[in-house]
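Okay, so chain A shows up in both of these, paired with chain B first and chain C after.
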Partner chain A sequence: MPLKNAHTQPHTSAPSWRWALLGLALLIAFLLPWPLSPLWIRIATEVIMWAGLAQSWNIIGGYTGYLSFGHGAFFGVGAYMTGIVMLHLGWPFALGLLISGIAAALMAVIIGYPTLRLRGAYFAIATWAFGEMIRQIATILEITGGAFGMQLPSYLNLPFFYYLFLLVTGLTYLTTYLLLERSPFGYKLLAIREHEEAAEMVGVDTVTIKIKAFALSAFFPGVLGGIYAYWVTYIHPDSVLGAQLTDFMVVMAFLGGIGSLWGPFLGAVVVQLVNRVLWLVWGEGTFYLIIIGAAICTVVLFIPSGIIGLLQSRIFLPGTAWKEIRKKVKW
Partner chain B sequence: MLIDGLLIGGLIIVVGIGFSLCFGVMHIVDFAVGEWVMLGAYTGFILVRYFGHDPMIYLPIVFLIFCALGWAIYPLIYRAVSGKRHNPVLMGLVFTFGLSILAKGGALSVWGYHIQSITTWLSGKSLALGPLTIPALRFSGFLFGILITLLLMLFLYKTRLGITIRATAQDREMANLLGTDVRKVGALVYSLYAGVTGMSGILIGALFSIHAAMGVKYCTMAFFVVVLAGMGYVPGVIIAGLILGLLQSFVGVYIGGRYNLLALFMVMYGVLLITPKGILRRGI
Partner chain C sequence: MKKRMLQKMAVFGLITLMVGVMNLHSAQAQEKRDFFKVGVVTSLSGELVFGGTVTKRGYDMWADTVNQQGGIEIAGKKYKVTLVYADDQSTPATAAVAGERLITQEKVDFILGPYASGPTLALAPITEKYKMPHITGSAESPLIWKRKFKYTFGTIPSVNLTAQGIIQTLAQDVSPKPKTIGILGIDDPFSKFTAEAFKAASEKLGLKVLKYEIVPEGSDYTPAITSIKAVNPDIFAMGNHEKAAIEMMKIAKELRFNPKAFVQHYGMTTPDFRKGLGKDCEYVFGNAVWTPNMKHQSTILFKTTKEYADAFVAKFKTDPDYTEAGSTAAGIAFQEALRMIKATPPLTDAQKDALIGALEKLNIMTFYGQIKFATEGDSYHCNAGLQPVALQYQGGKTVEVGPGKLRTVAPKYPTPSWDKR
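Showing the complex of A and B:
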């Protein structure tokens, strides 16, 4: 299979306007809580959390080409770990977060070793079964509060959680950029995605590399899950281990464009905003599922490179727009 | 109680066979399998509500409706898994995943979270077989499962078309070289699978209950059966379906009903790790 992805090309240094744009975006993100009402701070916080989750999924699903359909498990384990550490051990929140992240990564190493030998559909089904297994275990165990869940001490400080999510999600993107876009590690992952046997033949230690990528992609959901638990203060198996967590990660990453740095971010912003705006307009509903389902089908059928693929082509320049769209949208 | 499990297994076998064929022929893992069951159950429910009569009469009609639906959707799936895509298998996976979200969302928006049920003339009756009493509906569901399985097996092993399908499942490239229109075979298999699954949806709806989010449960069962059987190996599905039924009853009776799903997922995960080709080692 020919290497057609832009990321396999040698990197040229990004033009300075991109750095300026990034700086501007960060500045806006920092100042965002001031003008917003508490409701919108909540929505912004959710968007940022999902951006981090979608990117974590992208590390294993997009860059490595192993579709994990049980990624919600790492989020849930993180949430429960923080809950247990704070509630049963009485340790501080920060320590809980650290333990959450390490626990999720450790779990990824342990299950990754046997599971990552499977490929394609087999890997997807195995991770799915594993994710559901963790959820059933959380429903049964005493320490997690069973089906009733856990009540954490409450700490009402919206901006605090906003900035914390922003920090961790920012770290997710920074790690992805440094480790996956700018280092040999990233190239090894791409080699595995494109042709695993060939990668192994030229000396890539595929087993270790895959496990590292899986652990990395599990660490951040663990930490984000920990913050989420303290933020919403009440967690139960359906809220932090439900199928919708994995679903949304996959959908966001695919919609934005898998295997790219900013794709999952765009996907998260679009999906979560649409979701919340519909919720504000019509109240609690399930209509967003239809939109999301239709959107994901459309992306798979016509725009496999996602929103980011559309944006990266020069659709904004006059004259070339139509040609570029025709090139990206496959009929 | 053991008999009970076996009876339910009979219905799941029907769903599993279609699913397994799909994977064998087209290498598609259909995440929407549970949604086909759900839509089939709702179609039966609506037909009964508007036209009356017994739901059993509508089995062939629902079969035809879903065959047509499968036939209509197939070109899209074919598009998703072919062409110059990075990873066709994964694209197919995500596409059917999108379909399942779409169907679930649609059903939830239209019918909400209400739980419905279908009543047939068999509901509430029971059969006495020697010392055992068996609910008539479960028994007829089992009979239906056996019947459809037999028909499918006859079709696959005795007719020319069936042999073509199996040949395509065995070696797609070779079948294509020898003059099989792989795309048409795929369309046939997919519509057959959709029809059979939708049809069993009516019986499942009559046996249990109908609600928009019921798909996940049957998706789980179908995956379990197919993984145990070895993906793409059709005869294994029968054994795996029976194991599923037995496991459910066994765990329900001796360990506790809430461990049911856990046991299912643990066995599925374990089988995938230890022998990904299924317990008979005959999958692809």
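Showing the complex of A and C:
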């Protein structure tokens, strides 16, 4: 799936001011829980979790060009694995997270082996069916609590979960940067995305590379799902394996700009923050949902390169805004 | 380039400032007020919006009636109530955020809880953390009560207790006695608990369970109903919500499936069931802890069940069902507990703790029936004051057909076949 507006060139060294900006952002992220109220810590935690999930999807959907519509299943598998490890085996939470990530990655290898030979809509359909299958299995198994769901012990420490999500999401972005933006592995994925047949012809083992990317993109949702389960304390097939989870990942990645490092982050921040702010302002009704839907439709329809595409343009320079908007926006 | 960088940093700084301002707003000191601020978490959007609307009607009915009467009278002075809603978007995660918002930002005095069990199970740890009294007027999952949350109560008895009433009536009070049953449930928590409760009650009362099927929500129920029809049970019992309740009955009619009794639970008590099926709802058995036909008398807010039902119809142009009544009753439980401890708004932390003590001691008669919360066992803090009643559609309305002394009309049994109706 060629992506005209996504990055197609390996990155050169970032200017020092970018590192300074990143350092400042990390410092703010680290200090954020101190001034924030519990409500805003919770909202910030959600934003960070979604940023990690959207980036995970971006690894297979954006960098590799394979649209996975069953990605929420890895999140759910992680949530249930942590629940099972803690409740049924009595093992510690940290071990549960590790097992969750590995289980999700292993599942991606098993599913990816046959399905990553499919292309386009066929892969999307296969992954969607896989997601539904996992949801139904979780609904009938006794060990998952079936239709009753699973109640985990309550550990109501908001900063703990904030920092844990921050750490895992940070690792997701660091891994993406090092492996996909800075290493031959990333260039191979780029080649697959831009022209798979050509990549095969020059000797890229496309199936193996794609399976590795899929496993990598499943590992982080598995871990994030495990943290989510302990954080929210109650999981159910509909809440951790529902199709809307994948939908959100896809929407956030597209809105921010797929195939880029910071696009999914921006998408997650905008979608989740707008969702929550509008929910806070108009939470007694549902009108805010229409506004969010309309905003997403507008961006996807008219700005296919996403928010990152707009930011990377010269739109913020005086006198060039209108020219850049006309260039970027697909009327 | 430097200019561009500065502009980007300015945008970043502005966002940070906005977050700070929003935070300051939330950190405002508790205001002085002479009304009770009541938080309501329920499903105003998402797949549970139907049920969320049902609970909202029940909670609104309580608040509006209290305010029409001048407010809750405490030590000679009346205090009005204001409901502050927070949409849980039908998800447990948002229910937790909603609770956090109502408690820390809106500074509510107490909380009326969600429609469904999932959001309730995510909200309960939050109310526990902030020691915030919370009554759900709808959630029925036994899981909630098994966790023994100190700050969470419920007015509707858990589904595993209520679903027994109709099976008991059919197993003991009709002639010829049915011997077999086929059970079909949906894989959501409430419906599956209902199906399990039907199964447990049947086995306890000597009915042979010929088929027990749990199917995914939203799927085509025809294959499952066909397989149950094939074993020809005397009773066909269904665990579901209102939409599936209608669909299953329509499929049974299409298949000309003629058991001696059709049994539903929650779905059959909703006005939509009657509207959706028309005359085909006739003879269907069901179960509830409350119907508008009951004869409860009270001195609190509504003098009789009929007064409540009439006021409800006048306000919402539809009959109330037991979830709406349970939601209104949740408000009544709070108002009576507040009177007991003579607490005036805004409640202090000590008063909130005292409110829990008062709720545990509460034993009142309302239009909804008795409210008395269990203080031990697997139904901890669930209303133990109500007895499930077996219902049947007769002449287009539900009538009480059992069990035992609760019978006001004899059940029509066996159900005539579809071609003889």
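In this section, the second predicted complex is superposed on the first by the 308 of 331 C-alpha atoms of A that agree within 3 Å, B and C clash if a C-alpha of one lies under 4 Å from a C-alpha of the other, contacts with A are read in each partner's own complex, and residues count from 1 in each chain.
As a convention for this text, contacts are C-beta pairs under 8 Å (C-beta built on N, C-alpha and C of every residue); 3 or more make two chains touch, one makes a residue touch a chain.
The shown structure was predicted, so the numbers you read here are calculated from the model rather than taken from an experiment.
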Contacts of A:Asp247 with chain B and chain C, given as first, second, both or neither: first
Partner chain(s) touched by A:Thr139 [first = chain B, second = chain C, both, neither]: both
Contacts of A:Asp238 with chain B and chain C, given as first, second, both or neither: second
Contacts of A:Leu289 with chain B and chain C, given as first, second, both or neither: both
First, second, both or neither for A:Pro92, with chain B first and chain C second: neither
Where chain A meets both chain C and chain B, residue numbers: 136, 139-140, 285-286, 289
For the chain B and chain A complex, residues of the former touching the latter: 23, 27, 29, 76, 79-80, 83, 85-87, 89-91, 93-95, 97-106, 108-109, 216, 220, 223, 227, 231, 258-259, 261-262, 265-266, 268-269, 272-273, 276
Chain A-facing residues of chain C, complex: 1, 3-5, 7-9, 12, 16, 19-20, 22-23, 26-27, 44-45, 47, 49, 84-87, 89, 91-94, 96-98, 100-101, 104-105, 118, 121-122, 125-126, 128-129, 141, 143, 147, 186-189, 191-193, 214, 216
Residues of chain A defined as touching chain B within the complex: 1, 5, 65, 67, 114-115, 118, 120-122, 124-126, 128-130, 132-133, 136-137, 139-140, 193, 243, 247, 250-251, 254, 285-297, 300-301, 304, 330
Interface residues, chain A side, partner chain C - complex: 15, 17, 21, 24-25, 28, 35-40, 42-43, 46, 136, 139-140, 146-149, 151, 154, 156, 228, 232-239, 276-277, 279-280, 283-286, 289, 311, 314, 316-317
